[in-house]
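The same chain A turns up in both complexes below, where it pairs with chain B and then with chain C.
Showing the complex of A and B:
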């Protein structure tokens, strides 16, 4: 190499660039086989026959995986190979359980999966660099708040199962809050990039204003939409990102105090919160009534044992909301401890990959954004799995990628695309620019 | 299909899932190991861990930095405090600027996309300004023609002051 060569560029050598993609292809094939076997087993368990549509199902599933994989090859060749296969594994297992529970939801869920993959590819296509988002941080923050408020607008918002988190436009129902998560994560990251120097240098009362605002906002979500899960999610998101941005432990302490203060206030003021806590502490007080869902969920997990009753051989259909909030219990019943641990491990690997991106990426905005997105996945998983297992009071929220639900699935695929894009940026910036073979 | 066979298929399903996780962990492990070996790379910001400077010879894939002069010169960022301590490994020809394709990418609005260039000529480092908007300072004087620099010299672009080491 001589000094007369052109300035180095970031064109990664094909050999290096495609190594993660080769790993990804291998993982995708394994995931495809696992989901295919699970689909066959579930159908055999319920109808004693190999499903007639196994062929189309396999083509559909491998097709979607291939589309996302090719998009990765084309747009984010260096990205971490873990994200896509693990998400598709969770999505596939969830789909199998949903199909087994309620055939009519399966068609919808497969449509939503296709739309989700479409949005994944579109995000990679239209967002060449994540830093573009940083410019629109305030717009995104306002957008997120508006999205959160849509369900409260008369005529647009609909109350389903006691939570006012739905918006209806014509025949389509969706949860704007799922998308508000993403825009608020972008806003928090962008806002804290601006103010973190101040936050780090000193701590005065007025520096606590943002955390207070976030607290008030999430309380507002809880009061007006009766959605405990989302309110917890937003508050945790903000505290975690603020903690990392300010590098101050006191943020966590203040966050915890505010959280428990808010939780206690909510407990004293609202009947439905009190009821949730009572059910959590003693679901067997009213096993046929209020505690029914949790009690049946616990029985389902117990029935599952170590390796489960086998897909199609259990009775998870008796648990209310088995395909959304309680899908973890359904998996626990039919796939056992081994299967439900596998789901938790998949989340662990996904979250680990997200945090690796956050740790290694250079720019602060991307760091905080990746952290925020990963926190969303982690907290959501903890809240719903913890609720099903009675670690924390149950709050209705979807298990990312697994639960039935279009908005959640699409939003999580967009989240995944953002993480994959940042992973690619991080790895390209560390890669040797030239001199590679 | 007998029950035993079904049971075996069920175990097989779990085995595939766990095998997938094993493959994932292996991929992560391989990546972590190779990254430890290639701590020093030729573009972008490379955080060098304290007390563990990677000798150039430790690189198994020597192709990456075989174009170095002896010792492998570096640029160490002194200010601003947010970027201080970052180390950029120099190539035989290193561009400094805001553009992502520069070897030394500096995220500062006062820095031009392709701001300055460091070249190795006859074993010595030469710094030149690439027609930047706000100019380049070498040891606090404005750089108007390519200049020889050596260890200890300071190069400033925008708010960023970097020392050649």
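Showing the complex of A and C:
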């Protein structure tokens, strides 16, 4: 931080500062009631009966919330109380819609939710200080690259729906890329702590080597794994963190040039990229074929209107991959503009809280790490919602916390735990009365 | 760094604002355009899968209902009587556009109209079944007899109450089973539809009101009405001279009687023997083009009949007879022979000759380009039975709410005035003579007063075949007739004037017996 820049404001709302966990508990109860009601309504809408397992569902859901809440009380008592309830709300709403779309996915998704909460608690338990991560930055960077490459290893990697982003170990499939984004965010933050002073004082061609490397890596992901969404995500993550660390506009300019250059090259070289762009420009050119998913998604959203068809009363099952990539359209159909806007607002609240941690925390590593994690969350949400809404070309990627998918859910809960941990550290640091520095 | 983080926050805020604006566009402001998109089958399936009200005949037979369907849709349509009511109920299909009452009363059956949904203030808060039940004027007992009497001969039977326009029977053979077309499985519906479309006998077409035929001699009732309306022709005067041919002026195709026979006499006699030559003369020389067109249109020709079933065909009476020819005017006054010459002032009742009066001689006996639906010909008889007033034909009489209370009643409404009551009385009596002593004797049945007119519309001579027609009315003695009917049996062998009476009249007789049973 330079002397010319204003110091971060430390004014925390007194109410929140006093009893963040009590606020969190209140919010969690509200989330629990909202999700429980939604679950009952969705079941009633599809089968005209109150689900028999409503009781166990409520116990399970409140139990998971309570576990995470108790972990927060114990490990991160000062953290921003918004993170956990908002994430559980998104997770719960996603679960309701997934269950309503395909009952056979319900058990798996609830298991993954439990594992996600478990990883959340474990992260808080085993990571008393986020700065511990900093010393393993190169290990994590290499680890991230290795994770990214796992799907390319013959025998381990599996191609599903045209993207080679899956790894199979025995009966378990997972997407290593979901975890790679966390370790790479840690690596970027740690690396830039070292080099940012250098980057800020001078800028030579060789200083742009890291951005070039990231660009090449992103292109590699796109070419070898055909995963446009992750490619875009990694590249944006690196450019944003580098830009903030170096405080140089030229990083953004070069990033933009490389992005559009890479995008154009990909467009000319790869049929599937061209197809994506063509569908984006005019999905109605082939409404029964290539454009089917996005056209059906638009029809679903249009059917939703202002207030939606009601849970269980729409036809979101008509959209291909409604439980993963297009879950936002399914929510928009049954809960209307009111519901889909609420989901966007929830993400904005999460992103806002994440950026607030990045703004207020003093240590550079934590600042850049929190920034990276928040950027991941924000860009991933923008890319998939924008893809569904035809603001950007569609790339298959999950909607954090909402979509069906174990890897994504677990990775995002770990991401959440890291943000919560940093939020706690930041708040404690401005309240020396609490003791721990 | 914090400055950059704030700027990033602003950029992200703008990006999410874009998402929010686009979300509003898709879900709210542009939603209607998306919902109306041709590729959007959501509305179609939703509409298809809803519960709809049943359709019931006047005598309580259920002919269409919604049954719960476990699967892609909540409900499907069932037609318990199969093909007997297919041309009335139509069908509601996922693949093709609905027809019949399923189409014309779509909103009411589905429960959409505001007054059905919110019958009382309490309905604002509860999800009440708002579908309407349609009660038909069709009587199953008559409809069934009509179908049995026609059998497997191609043709149509229309029977209605001339006083109200309520249709009592409406049958066309061949018909079709609407159930497979209403199958929620699109492939089943498509296969059934393709097979029906490929059938050369076009069973999907409700020919009773959607196909037009040469009406043959039954059309002479229209010419007779026009003749009486001129004031020059009465039941017993004038007496037309016996002739075997009629030579139109200016010269055109010679009009002959059936089998070269000779006929003449007063109007009743002319109708009794269905005298071509005399009716050609009445149309061409006594009535004239303008009044013939007016008379036909007063019965409903060249216009929509206003029936509550979709896709009804308009009957056709040619309106173009060319320019008036000043130099070959001739006139006819009662009892006088035609006088040729260029008269500048014509006496009362005289008809100016037109370029194509020869065509009028043909159209006046239902030949040339005249074509009528069986429903139209039933309305010709109905107008005569109902003192000259054509009532709007309909098959739905009542709309009932789910709880059985009356939502709406279809009132009897006059469509047109075809002739004066006195003209109608003359023709009623004449038709009664035709039934009792003429070509329509097969109509007679005990206890009922019957009047009729046969028709044989020749289609070709090798081999000779023709449409056999009968139109008429029936009623209790000393009461206004309560039944009017038209029966056509298509493409029957033979071409004698007797064909209509021999083939079609027994079917009408069975219908009369069923109606007055």
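Observations on the structure shown:
Everything that follows uses one rule, which is that the second predicted complex is superposed on the first by the 414 of 437 C-alpha atoms of A that agree within 3 Å, B and C clash if a C-alpha of one lies under 4 Å from a C-alpha of the other, contacts with A are read in each partner's own complex, and residues count from 1 in each chain.
Please note the rule applied: a contact is a pair of C-beta atoms (placed from the backbone, for glycine too) under 8 Å apart; a residue touches a chain by one contact, two chains touch by 3 or more.
This is a predicted model, so every value here is computed, not measured.
With both structures placed on the common chain, the touch criterion links A:61 to neither chain B nor chain C. Of the two partner chains placed around the shared chain by superposition, chain B is the only one that A:38 touches, whereas chain C remains out of contact.
Contacts of A:27 after superposition on the shared chain: chain B is touched, whereas chain C is not. In the superposed model, A:363 lies in contact with chain B only, and not with chain C.
Looking at the shared chain after the overlay, A:391 reaches chain C, while chain B stays out of its contact range.
Looking at the shared chain after the overlay, A:284 reaches chain C, while chain B stays out of its contact range.
Contacts of A:244 after superposition on the shared chain: chain C is touched, whereas chain B is not. Across the two superposed structures, the residue set of chain A contacted by chain B and also by chain C is 1, 5, 8, 352.
Residue ranges on chain B touching chain A, taken from their complex, read 1, 6-7, 9-14, 16-21, 23-25, 27-28, 31, 35, 38, 41-46, 63-67, 82, 91-95, 100-103, 105, 107, 114, 117, 119-121. Those residues of chain A whose C-beta lies close enough to touch chain C in the complex are 1, 5-6, 8, 240, 243-245, 247, 284, 287-288, 295, 298-306, 315, 318, 332, 336-337, 340-341, 344, 347-348, 351-352, 355, 358-359, 364, 367-368, 371, 375, 378, 382, 385-386, 389-391. Per the touch definition, chain C reaches chain A in the complex via residues 1-6, 8-9, 12-13, 15-16, 18-20, 22-24, 26-28, 30-32, 34-35, 37, 39-40, 42, 45-46.
The part of chain A that touches chain B in the complex is made up of residues 1-3, 5, 7-10, 20, 23, 26-27, 30-31, 33-34, 37-38, 41, 44, 80-82, 85-86, 89, 129, 197, 307-308, 310-311, 335, 338-339, 342, 345-346, 349, 352-353, 356, 362-363, 428-437.
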